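Could you have a look at this structure, given as structure tokens, before my questions?
Here the chain labels run A, B, C and D in written order, and each chain numbers its own residues starting at 1.
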């Protein structure tokens, strides 16, 4: 029997006073599913500097995925927001779930300033839009735990031929009901992430080659 | 046989280069339904100054509704947006669907400067939020065809005991996919409008009395 | 000796935790000046429901102005924001400077739903833009003390031939330095308000007649 | 005679249909001035991929500056916006002033994914705010000519002990008058950039060490 390497999808636990996090709900919804014939494995990471990355590395070792998509919540963004670049900085405006807020420190000392996503980000955005969802390439994943995990992920995979990247998700309607801001229903979020994964699995070339102009 | 007076829900045809308008889709979805035991009748109005109001008046005469909720599209708003007040001004920044763009003219000459919604707007917003959707009271329906219809509606009903008001709806995801901005799925829009109608049918008092603080 | 009736410009005391209010600073800067040959008198009102209006009425009685421009602060707006309409509602999200926050009560019981500004709002906006400042007509002065004063002002003058209106001002740079958001330097705010007053004094017709399209 | 190495400040020519660019006006205003006793030399670069960078390299060779601050315009930002990181991507949504719009190509083939600013960005932001101007650290300089010049600048200086970075400036009031959006008067922009340069010249350590929390 030949087993196929899975896709790893990660989400985060709720943070910042929220009781929900769309990234955790989407990961849960996709756990055990198949996308383009490939099984999906998932992990929900603590919203904590350091520990999140340790658990991610554990999941990479356990599952040996062929592709990784880390997900996070971005209040204020109004659609699927696919990150282009992770930068080597932790700079927290609020404390994480362990009460820690690093300021202007590297994610990994001595490592490069940044890594680009190795997913076909333009192709993913194009497919999401054609399917009827708002989507965009984002030039910054911030400097909080999302960027921390994205950077650490790309650093871990820097010598492996495993494509990886990060997508920010809008709030769920229940969250927006309390605090305002744009939102997207969970069913749309799950379907959109599944579509993006399919595109990522089947598009050749790196993000530049499979890219193109979006307006 | 005693027939119960229906609820009238109106929407608008697409405008501004769009091929969809959530208000028309929601009206279609609710046509023939019952809300709180009351039948819903609908009309989709042209996005044209004057003609929209003529068709609305025709629908009021035909259906003799007990309650009217006019719906319109508001690109950029991120939830159900329930209007408080209609003002007696037409002031178009873009032409309507007949190519007309009135500037600083009254909707109805000699009529009052404004009418307040007679729906329980705070109770409707509260119920929508508790049900998990973003919602807010809005202080301005603009000065385009939406406000035109809202003002004309309230003027037509000024001597009748028929409650009426206006709700702006966010874009549909398919629209936001092309032009960006916040959106809400059609199924959520339909369910939210139905809930708001139920609240409007069952809440006593006018918008002030049934109101209260929202944060 | 014939004395010319003055222009009355009002501002507000700081509120909401601020130590500055651009409207007070602009009023102070214009006190004793002449605009288009007409003397300017000023008043700085407390940011308190009720009391603000009493002091405004006192100033109207004392000065018998030929024109009134009430000013207020609008954090988040990025230019001169000239209000079109005052509505008969007090609905406070935060307490005023006396700790009072009325909800959904009329400014004046039994009075009309709204009054339009009687200033040439489009001509004022046009002149401000031509002079190199951002400016716009606003369709809502909110439901806090600004709208309260604007509504009460228009109600007091409803039978007098005295033109009046309301202009919201952006934050001062010192305010934006602390809380973010757009701002405009005090010298620009003073010069812009003086220009707007000149236009208001010299433009014939009401806001509709002196209006026109702005994009 | 010992001559002191100057500070180089660069701006851009107007682009995107504008006739002004605050960065060029600020550079002009500072040409020949001294900041903290150090002479300021300036260059106004074409808003053209490639050519902008050639001229910048020429200016670096000619002037042998001790510190470089490149300036650019950012419509929509409401204060001084000091960039943290330059990324190795050109991705133009609109054509540059030569009609060229590269998509997803590196600024410099084979060069690192990103460079961090070597200016004390947090100290600069703090000083600007204390002086009464809105200011913030930005995590993305975009992917147009501004980021192109910022990246090329940092790459050119990667082996020299010359500190350098990029600051985005808000629109001038005259620009905001036509297209809307936040703005800052030229006199404030010039004074703020001069202050930021002084801080950059006198603060020890790199951006991380001289940093700290900003809220």
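The rule is short, and it goes like this: a residue touches a chain if its C-beta (ideal position, glycine included) is under 8 Å from a C-beta of that chain, and two chains touch if they have at least 3 such contacts.
What you see is a predicted model; the values in this text were computed from it and never measured.
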item: Copies chain D and chain A - interface residue numbers shared by over half, same or different; value: same
item: Inter-chain centre distance, chain C versus chain D - centres from mean C-alpha coordinates, in Å; value: 38
item: Between chain A and chain C, centroid-to-centroid distance (C-alpha), Å; value: 48
item: Computed distance of Cα centres, chain D from chain A, in Å; value: 31
item: For chain B, residues contacting two or more additional chains; value: none
item: Chain contact graph, described as a line, ring, star, complete graph or other shape; value: ring
item: Residue ranges of chain B touching chain C (in the complex, touch as defined); value: 84-85, 87, 89, 91, 93, 101, 103-106, 112-116, 122, 139-140, 142-143, 207-208, 211-213, 215
item: Chain D residues within the chain C interface of the complex; value: 78-79, 128-136, 173-174, 176-178, 180-185, 187-188
